[in-house]
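Two complexes, one shared chain (chain A), two partners (chain B, chain C).
Showing the complex of A and B:
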């Protein structure tokens, strides 16, 4: 019996390795090979040479500048907020964390469009808030790109800092105070050092996310002549004249930069990680704002206004206008654009339907594949386990645009006898590859939380392996599987870069539809689609969470 | 003979968790494996359950060979038919109390009169009517009782208990210990109980097996282990020990006694006399426990009245309460503790 189990496990391992190699590893390797090989000669400096010869150094510089600026902006925005909601009486307002999910869950390209509508000539600012018009030139520049991206990413670093602050128990601070440390001394000697590891991890992640982000640079950056890695990769691999040498050179440099940063991040995490000891969580040390409380609220209010109010107000009003550019009057307001999106046969309707069904397929495949891989990773040991683990999470580290370039290189290869390239299936495959890590991580996490004795108890009770899987393992990892499905679905349904790069000419998705309408100035219809997409993700989230809760209790 | 363990040994990497070990447990006997953490007691228990595969040896349960390295026999855990209670309860959080208890019956497709038999098991642990609760809705003591019920519902002949009380607080432990023992007697179970708590071991067991570093040091009734420890380690691990200076001056013979044998009054002319200085006194409800220094050794003695700190006392001890431990050659001596 044991022998049979061993054979089955080896079989599963082989299947997993084969799938991961074809889906993820070969595409990434093809990007690297293509960029390192010029005229059939391999040279480690080829990508750099291509970039310098192609006068793309500016792109490299722009990306790094943007990354650093966004890290600084998000820190400046998030640090006071994290302090307010963890160390002062504002901590009671838990709804703030829920509200901050909104900018985080808003696709960057949609938020950016909202801001453009707000700031552009004859936009909201010029019409209703003329005193803010002085910021117009500043917004339509590098600073605007950095600003909008920061507004999208600050909730991330906020949560990192806040969770770290919460972990620092009051007794650590009290001990500092008892031994004579003033407030600022305790900050400098106790709080900040303990925050360092978590913060630097968060900051590096923000940096990587900024480098890899396509939406904002593609909408606002290109408009103001600010080009970065992702926009140029798109340009060279999708737009005429296609130049894969330059495209893959940029993709390789982006990939290697991101990998290096991940590596540095791991080093920092291991070196400066303190486990803040004491199994009992003592209370936090709280500070009262006293009469300055209104300042705290004002800050939070302003932040929510800027990161949620402005983009959504612009998007929603634009989506309701009968004629773009006319005044907002009752006569000019209509739901026609929404109705059009839900009418079969229209371009909008078919785009929306394509996105929904491709995302459902992708989420379902990703759920099963991710569960298979996640379970296998937890159950295996040694080199093969690390191999499966790191390659199934590779799409987390590798920027999505690089993966997509790799998928194009592989699936569009002339030597393939048959291919799904240029079909809708290719889009679903791209979603699966890009978002597989979510399910793998959720399933792994929920499996690892299961104490081994729960399986031993079942064994002692006389249960065979299959019975244990069915009655113990699957019920307990089901929440992870469901979370993986939701996450894959809601990210796929609005995914811009993969859709734009890999879609066949005749297939439009909601994201590419929004992008094109916005580009061509058909604003109201595009914005109606934008708001619908966000709405769908919210509805799915609510439905599944409600169902999950019922299952959990029942 | 319900359980026979012969020459079972186990190594984890470079750690010798279990030296070749032989244990037999009679039918209906309640045997405790006692020792500090890392002594191999849990490993031994888990090899009996089949959760750990020994490197060598033979294990028989109810005269059936369930493991034999020489014969190449290895019966899987699920086919050994023992009941087991885990330290952390190991209740399945997504199942009700009823389903947790019913699991073993369903897994074996033995579902005739399922409801009655689960009810019977829950009644045994006084949890009748808790069927529909989830584990998280129960207290720690109730959770552990559910796991007893789960272990007995299939009516096994053998039950294995892996530190079942150590995750509970002191008050609960006492009550559950009594319940466990009387349940085992009532159902005629053969029980192997693992603990690092000497009080628990002495109060619950018919027989104690003291272990250290993968080796069984001594086996015997609780009284035996307490009064006649065969090694220094056991003397110190089980109960409180006062070491007596050896009149022969021999260093591989250790004389010792227990605090309760020291008196302030001389009973007979043969009594040994010691003078000591009181260093510390603690009141424990029914008596005073005093730390004394006697010839530079630290002793403990019990009194009815509070002695003063610094008081000089003469203590008497009957020679029949002096126990001698002979170090075997090659054994490590623990001079530092004397």
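Showing the complex of A and C:
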């Protein structure tokens, strides 16, 4: 029986490796191969040469400049907030963390559109807040791109800093205080060094996310003539005249940069790890803001207003206007655009439906595949385990646009006898490949929490492996599977870059619809779709989580 | 315990429904049409064709750059049977690649003169460029391109970016072809007067609708007439020194899997019905015997520049570079 189990395990490992190789590894390798070889000759500097000869150095510089600026902006925004909600009496306001999920859950391209509508000439600002229009030229420039991206990304670095601050127990600070350290001295010598490892992880994460982001540069950046890696990759692989040499060269450099940063991040994480969680943990040291409390609240209020209020207010009002540019009066308000989206047969209606069903399929496939991989990773050991683990999480590290270019290179190859390229299935496959890591991680996490003795008890009681899986394993990893499903669904339903690049001719998704309406068509209709898409993700989240809770109780 | 199974079953069920919906998607024997240009028109023509012939249409609707990019990316595994673009020179590029098949559709003899390239591609419709202005802000718009160089129009005149708008590039190139140095002087004076060059056609028009700019040079006519019909405070005229009328070409591919379907589609594009759809969108019909929309200026009354599309295709890169140097 043991032999049979081993065979099956080997079989499963082989299947997992084969699947990951075809789905993820080959596409990524194809991007690299394509950019490093010219006329079948390999040269390690080819991508750089292509970029320099193609006058793309500016793109490289733009991306790096944007990454660094966004890291600085997000830090400046998030650090005071993290301090307020961890070290002062404002920590009691737990709802702040929940509210910060909103900018995090809003797709960057939608938030950016909201901001453009807000700032653009004769937009909200000029009409109602004329004193702010001095910022208009500043917004329609590099700084606006960096600003909007920072408003989308700061919750990441906020959570990192906050969790770190919470870990620093009061006893460390007290020790500093007892030895006569002033507030600033304690900041400098105790808190900041302890923060460094966590912060550098967060900062590098933001940097990578900025480099890999397509939505904001594609909506605002292209409008103001600011081009970065992702928009240029899109341009060269999708728009006339197509130039795969330049496109893949940029993709490779982007890929390698991101990989390097992840590597550096791991190094830092391992090197600067202080063990600050001792046996006894003292309480957190809290500072009272006293009469300056209102300043703390004002800061939080302003932040939420800017990162949530502004984009959503612009999107919602725009979606209700009969036509864009009209004054906001009762006569100009209409629900027609929403009605159109829910009318079968219209372009909007079918786009929405395409997004929903493709995301359901992708989420379902990703859930089963991710569970299979996650369980396999926890159960196996050694090199193969590490291989499966890192390749199933690869899509987390590799920018999405690079994976998508790889998928196109592979599935559109002339030597393939048959292909799903140019069918709806290809879109679902792209979503699965891009978002597989979520399910794998969630399932792994829930599996690792299960006490091994449960399995031993079952074995001792004579349960067969299938029975153990059904009655012990699956019920316990179910929350992980469901979270994976939700996350995949939510992100797929609004996914822009994969949809734009891979959609077959007759399939339009909600994201491509929004993008095109905003760019060339009816802005209110696009904004109605934007609000509906975000609404759907929230509703699905609430329903599934509510269902989970009910099941847990029942 | 049972509850967990219910969750899994529900999810599987939803997945199966999805798979069903998605395999039921693509019927056989359809005509694949890649079309640029106004989405409403492309869809009306596709639907009209489906109703009339019973042949299914797979419509990919995007911008000209997008459609060309897709054709190029798919060159090894081509897909499209019919291609419809918004730019005449772009069709010429496809012809030079050897990607087009010759076919003379019904009613081709009724096309406007010069709107048929040897039966490889033909202009089933056309758009013209003009001066669009906000009627609340501008009482006396003048008559020609040169009327927007004085102080009255400082910092309120815009133009679509020729790098992003093919029709605007055609205008700039065509104007340079006709007027040479005089054209460059005009662009320089306009630039000195604060001409804003940004974005594709639609945002440029929107900026006049919302009075962010008072005037757009080289604005697309059918969009303007559409905005007027919606009640926006805009109007337009065609400058007397001439403008560009860009026939929007339709063609079938040499690799088409369904040539009969593609031919039927081209026939339909020149039918009375489809030409009427064209006119309804305020676009100039391709057939000389079909009247334009009563609320717009007809083709015969638009002062047109002498256009040599071959020269323009060859020189537009150079013209664009010089134009951008003037603007920046």
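Odds and ends about this structure:
Heads up, the rule we're going with is that the second predicted complex is superposed on the first by the 550 of 554 C-alpha atoms of A that agree within 3 Å, B and C clash if a C-alpha of one lies under 4 Å from a C-alpha of the other, contacts with A are read in each partner's own complex, and residues count from 1 in each chain.
Here is the rule we go by: contacts are C-beta pairs under 8 Å (C-beta built on N, C-alpha and C of every residue); 3 or more make two chains touch, one makes a residue touch a chain.
Since the structure is predicted, the reported quantities are computational estimates derived from the model, not experimental observations.
In the three-chain model built by superposing on chain A, chain B fits alongside chain C with no clash. Shared-chain residue A:335: touches no atom of chain B or chain C. In the superposition on chain A, A:364 contacts chain C only, with no contact to chain B.
In the superposed model, A:458 makes contact with chain B only, not with chain C.
Of the two partner chains placed around the shared chain by superposition, neither chain B nor chain C is touched by A:287. By the touch criterion stated above, A:183 is placed in contact with neither chain B nor chain C. In the superposition on chain A, no contact is made by A:263 with either chain B or chain C. When the two complexes are overlaid on their common chain A, residue A:223 makes contact with chain C while staying clear of chain B.
When the two complexes are overlaid, the chain among chain B and chain C that reaches more residues of chain A is C. Contact with neither chain B nor chain C is seen for A:61 once the two complexes are overlaid on the shared chain. Here the vertex is the CA centre of chain A, and the angle it makes with the centres of chain B and chain C is 160 degrees, a multiple of 10. Contact with both chain B and chain C is seen for A:471 once the two complexes are overlaid on the shared chain. Of all Cα pairs spanning chain B and chain C in the superposition, the closest are 8 Å apart. Contacts of chain A with chain B, set against its contacts with chain C after fitting on chain A, overlap at residues 471, 475.
Residues of chain A touching chain B in their complex: 1-2, 451, 453-454, 456-464, 467, 471-472, 475-476.
Only residues 49-51, 74, 76-84, 86-88, 90-94, 103-104, 107-108, 147, 150-151, 154, 160 of chain B touch chain A when the two sit together in their complex. Residues 1, 3-4, 6-8, 11-12, 14-15, 17-19, 21-22, 25-26, 32, 34, 39, 43, 58-70, 72-74, 76-77, 79-80, 90, 198-203, 206-207, 209-213, 230, 232 of chain C are the ones touching chain A in the complex. Contact residues of chain A toward chain C in the complex are 120-122, 223, 237-242, 323-325, 347, 357-358, 360-361, 364-365, 367, 408, 412-414, 419, 421-425, 428, 471, 474-475, 478, 482, 485, 504-506, 508, 516, 519-521, 523, 547-548, 550-551, 554.
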